[in-house]
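Lettered A, B, C and D in written order, each chain numbered from 1.
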Amino acid sequence: MATAPAANDNARPSRLGPFLRSPAFGLVLVALLAAAPAAAVLLGQPFWLTMATRVAIFALAALSLSFILGQGGLVSFGHAAPFGIGAYAVLILADLGFTDALVAFPVAFLAGALFSGVTGTVALRTRGVYFIMITLALAQMAFFTFTSLSAYGGDDGMTLWARSTVAGQKWLKNDLTFAYLAIGLLALFLVLGNRVLASRFGRVFRGLKENESRLAALGYDAYPVRLVAYALAGGVAAVAGALLANQTEFVSPAYMAWQRSGDLIVMVVLGGLGPLHGAIVGAAVVLVVEETLSHLTEHWKIIFGPLLILIVLLRGGLIARILGGRRG
Amino acid sequence: MADPILKLDDLSKNFGALPVTRHVSLEVLPGEIHAVIGPNGAGKTTLINQISGVLKPDRGRVLFAGQDVTRLGVAARARLGLARIFQISSVVAGFSAQENVALAAQAKAGSSFRFLKPARADRAIEDKAAESLAAVGLARRADVAAALLSHGEKRALELAMALVQAPRLVLLDEPMAGTGKAETERLTELLAGLRGRLPMLLIEHDMATVFALADRITVLVEGAVAASGSPEAIRNDPVVRRAYLGEDAHA
Amino acid sequence: MKLKLAATVALGALLASGGVVLGTSAASADPVKIGLVSTLSGPSAALGVHMRDGFQLAVKELGGKLGGQPTEVVVVDDELKPDVAVTKVKALLERDKVDVVAGVVFSNVMMAVAKPVFDAETFLISGNAGPSPLAGKACSPFFFSASYQNDQNHEVMGKFAQDKGYKRVILMTPNYQAGKDSMAGFKRHFKGEVVDEIFTQLGQLDFSAELAKIAAAKPDAIFTFMPGGMGVNLVKQYAQAGLAGQIPFLSAFTIDETTLPAIQDASIGLFSGAEWAPSLDTAENKAFVAAYEKEYGVVPSLYAAQGYDAAKLIDGALKATGGKVSDKTAFRKALAAAPFKSIRGDFKFNTNGFPVQDFYVVKAVKRADGKFATEVVAKVFDDAKDAYAGDCPLK
Amino acid sequence: MNTTLLLVQTLNGLQLGVILFLVAAGLTLVFGVMDFINLAHGVQYMLGAYLTATAVAWTDHFGLGLALGMLATLAAGFVLEILVYRHLTGRDHLEQVLATFGLILFMTEGVKMVFGASPIAMRTPEILSGSVVLMPGLLYPVWRIAIIASGLGVALLLWLLVARTRIGMLVRAGSTHAPIVSALGVDIDRLFMIVFAFGAMLAGFAGSMAAPILSVEPNMGDGVLILAFVVIVIGGIGSIRGAFLAALLVGLVDTLGRAFMTDILKLFFANSSAAKAGPALASMLIYVVMALILFFRPQGLFPAERR
């Protein structure tokens, strides 16, 4: 039973499982998230607004990682690099006088995609653990590069003195508007991501994860397909980074530290490595549990750590079981 | 006589100091089913890996469809029309049977760098895939995940994936390995139905299958060609009988 | 005078326009809520623990009340990650609706949280970090420091080196902004030759490469700024390399009571610049050190002292306003008067919210009871103001 | 750049390399034999430092304390293996990553709660503190020499163990042909337990040796873990020999890079820009080396035999 969960689902079709794995449920999740800011305002809980925004931002970053990791089997341990680059894109553009999101966000996407595209040409030559480590190495290079940028605060980072404008309007100054921008972008990229996965490109990309030699025998070259997916994921991560820069109004190399890459992997794995929207669940669980536990006790990690172990030992636990659909 | 679709020219390969392929030359003619047999360790799999491009020979050339492909990779050879069925069934386990065949069909039908249009909306590909599935008798299993197919069904699925690509040659690496008797018969029938339309290079242990299907047989012993000829000639070749069939005839 | 009045009026108007919404959340019947931001995890947690303990010791001594009001201290761990800090500070402001935010060990965290705190028109009392922007151009009427401006402890060492007549000095700091500021601060009063400026990696563990260079260059003294674990490693390795007796070791935020228990004997005789030391001879200080050692079993560091003073400062200001924070102008005025007896002795606020205070050279010693502590050697600056106050538009 | 300085820095690099090797050896074995990614290996290093420091303070004797500390680390290794690791073998790599990440959080926080966040001290015996004159004008800390010597000694011992004993043979075979080894009737679970606990002890030993020069604090394992991963990936996973050479390479490159990068840059660029870029470049040097090595040898320098 336990060895082939996918087999199970097919042999004994339950109505819930397939629905929870379907893109439609992803939209349900986004809708739930979208309810939080409105509830925050109605119930006078402004902090829910902050949390919902943060969840949306990290969900977007985790979603981009899930695209290559969950669907493509590319375990990047350097995903914080394009994420941080997106944040720096906003800061550096603002410094140069381009404060508009209509400029900053597309540039952030391109910068992240460019970084991932270029580093991907090297990283994608390797496999397995070697890939994990080379992505870490490349991200560390980016990290140290930004710590040495003294014009932008070096290791300390720098305050972004105002949020991006939209077509010259200071709409994003309003936290509610900003929250919906983040959630909106999450929804957009979730839909786009699912579409890409269902496309001809996505079919090949997903197939490569499961059986690369088979696809080679069919005439597919893995390298360019993976490179494009890797670059796209980098671009989306950078958009999340651009959002984070705007939310915290601060940019720092800490955004691209290796621990952050690890956090993103934890979110994706917790979300079950299955459909993209698992990343939303993973990000929400990590951030909300962290916030709740740390509010209870300073030593919250002594609870959170065993929790992670238990989740794995209990076979992926509820989240992964419901959403995972990991294929034997 | 037509030009051979595949021609191996003096192929040699060593693993370290151990020669595993020695001066092998053979041809597959259009429409022909050419079987390679040999005892275990004769270097059959190494040979097929050199043909498909997984391994590069130390010496010699591989000519496919009139082109020297010795230096080309697996994917490039596949794009030239070389399809392969693996010794151990190799399909995309998480995909449905239909999607597996569609994936194969897609490789032959335009660029895969299309990002937004759902792949399933491509009727031409889906129809071709369904047709190919029907041809191997899997029409009713189209929506089942490949992982859940029986062993024989997986082999048939692989065949469907090969067929949908309209290949110029199919490499079959022990297609009957591990299949039951009934399934072996069904598969043999399927392959026999393709005779004349599709050239095949067949590596197989099951002698019944080999002699039922092959137009020509090459016997490989210790990496070298020991004999080559019609099934009749091979059956009667004293060298082969001694070196190979003699030991294996009862197995 | 006139200008000052105008500024106060302007401030009042500013507060009146924005403070209305928030004002309601801090009704005087509720307990006073203080958000204490500190670094409690990661390699630098020791500093944050001291600061938090110092703050909470003061609250405890005051019977759990600040300004006579029941007080709730909400402690959050910034993890030394700026974005985490911002999120947690927003939680303090928006969920816990704190009246005052206090603490913050590191400058990068301070720079990240300052904006949301000021935007919420909440007072921010620094328990340690004093980055130059907040002292100068980006100073804020909502900011007060119970510590120092970042450059000052480095300036102390520069002045000390100058007074000692050292001619050739090597400077070594981590390669980040605070490190560069540190070198700049040192050089402000040191006029001799700086033989080399060595930048190390932040969080570096092994200084053998740098120490070999220093040994080869044979300077009159070295000056370094290596907070936390880096300092522990450096000092241990400095002694092992046989440099301890040879080249005077001047430092800031490197030798203090958070690191001394780990360095122990290797630290004896090494110099540091500080605005406070456990040996400082005031009645309040003696009582504080004794109480802290009794409560936590370790000698307090300057972070603990600053945390303690921060709580006392808030207490004094609340007493002056009758426990109310809602009237921002009144509370600011109360804070600016520094209405408390600092364990450091003399303590006034400059116009930019930073203290005007004395600075000392201190040195590590082993006390009679076997514990290690810093001890005042000499006063270097009297009633010192920071170098950035002139850039601050506040009057 | 005089020769004495170069010599000292080379020794320093060697010393760092030896520490890294001790940590990486266990990591690469566990990875090679059981195909297990253990992120919590750095925790063993930290635990070794804490346990030894405590034991030394308690017994007031260095040798005795070190022995006790090692025993305790070994015991901790067995306990963790029984409680956590054995339930994770054969699982997906990412699940192992998640669970061992949780273990890091738990152990780090636990140590912080027990010992406090402040770094703690470890005494070294008199004869090993201070410096010796290696050659005229070259003073070198005795403790670092002790680290290099003991590290090389352990490396030799490990080599003998792996190359000459039955269990070593099984480990080597297990890293390349696990199914065959278990088919031979070897209890692979027990083999794993032994390899794991032994690797934990090696990491703990590295932590103990590093304790007198580094600050002993709850997070000390994090940075070392990453470097150890760099080492085993450069060396080729499962290869002790590769780990040894890669550890020395990383130790030397990192140390020499930090020592001379700025000076080298000054030969080509303006002083101020060299001073700015030097430390950053030096910091990323080992990663550049790793990326280059993986670019040309995607399986590391000494890949274990094909699986």
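Convention: a residue touches a chain if its C-beta (ideal position, glycine included) is under 8 Å from a C-beta of that chain, and two chains touch if they have at least 3 such contacts.
Here is each chain with its UniProt name: A, D = ABC transporter permease; B = Branched-chain amino acid ABC transporter substrate-binding protein.
Please read all numbers here as calculations on a predicted model, not as lab measurements.
A.B. asks: Under the document's definition of touching, what chains do chain A and chain B have as common neighbours?
C.D. replies: Both chain A and chain B are touched by no common chain, going by the contact rule given at the top.
A.B. asks: Consider the two chain pairs A-D and A-C; indicate the one with the greater count of contacting C-beta pairs.
C.D. replies: More C-beta contacts join the chains of A-D.
A.B. asks: CA centre of chain A versus CA centre of chain C: separation in Å?
C.D. replies: Distance between chain centres: 37 Å.
A.B. asks: Can you check how far apart chain A and chain D are, centre to centre, with Cα atoms defining each centre and the answer in Å?
C.D. replies: 31
A.B. asks: Counting only Cα atoms for the centres, state how far chain B is from chain C in Å.
C.D. replies: A distance of 75 Å separates the two centres.
A.B. asks: Rounded to the nearest whole Å, what is the centre-to-centre distance of chain B and chain D, using the mean of the C-alpha atoms as each centre?
C.D. replies: Distance between chain centres: 48 Å.
A.B. asks: Show the residues in chain A shared as contacts by 2 or more other chains, in ascending order.
C.D. replies: Answer for chain A, listing residues that touch two or more other chains: 147-148, 150, 301.
A.B. asks: By residue number and range, which residues of chain C touch two or more other chains?
C.D. replies: If we look for residues of chain C contacting two or more partner chains, we find 40-41, 175.
A.B. asks: In chain D, what residues contact two or more other chains?
C.D. replies: In chain D, 109, 112, 279-280, 283 touch at least two other chains.
A.B. asks: Return all touching chain pairs.
C.D. replies: Final set of chain pairs in contact is A-B, A-C, A-D, C-D.
A.B. asks: Going by the contact rule set out above, which residues of chain D touch chain C in the complex?
C.D. replies: Going by the criterion above, the answer is residues 2, 4-5, 8-9, 12, 15-16, 109, 112, 116-121, 123, 129-131, 139, 141-144, 212-220, 223, 255-256, 258-259, 262, 275, 278-280, 282-283.
A.B. asks: What residues on chain A touch chain C, complex-wise?
C.D. replies: Per the stated touch rule, the residues are 45-47, 49-51, 54, 147-148, 150, 153-159, 161, 244, 247-250, 252, 254-255, 291, 294-295, 298, 301.
A.B. asks: Residues of chain D touching chain A in their complex?
C.D. replies: 31, 37, 84, 87-88, 91-99, 101-110, 112-113, 222, 226, 229-230, 233, 237, 276-277, 279-281, 283-284, 287-288, 290-291, 294-295, 298-300
A.B. asks: Show me the residue ranges of chain C that touch chain D in the complex, using the header's touch definition.
C.D. replies: Residues 40-43, 45-46, 48-49, 175, 197, 199-201, 203-206, 208-210, 212-213, 215-216, 228-230, 232-233, 236-237, 240-242, 258-259, 261-264, 298.
A.B. asks: List the residues on chain B that touch chain A in their complex, please.
C.D. replies: 52, 54, 73-76, 78-79, 83-84, 86, 90-95, 99, 102-104, 106-108, 111-120, 122, 144-145, 147-148, 161, 165
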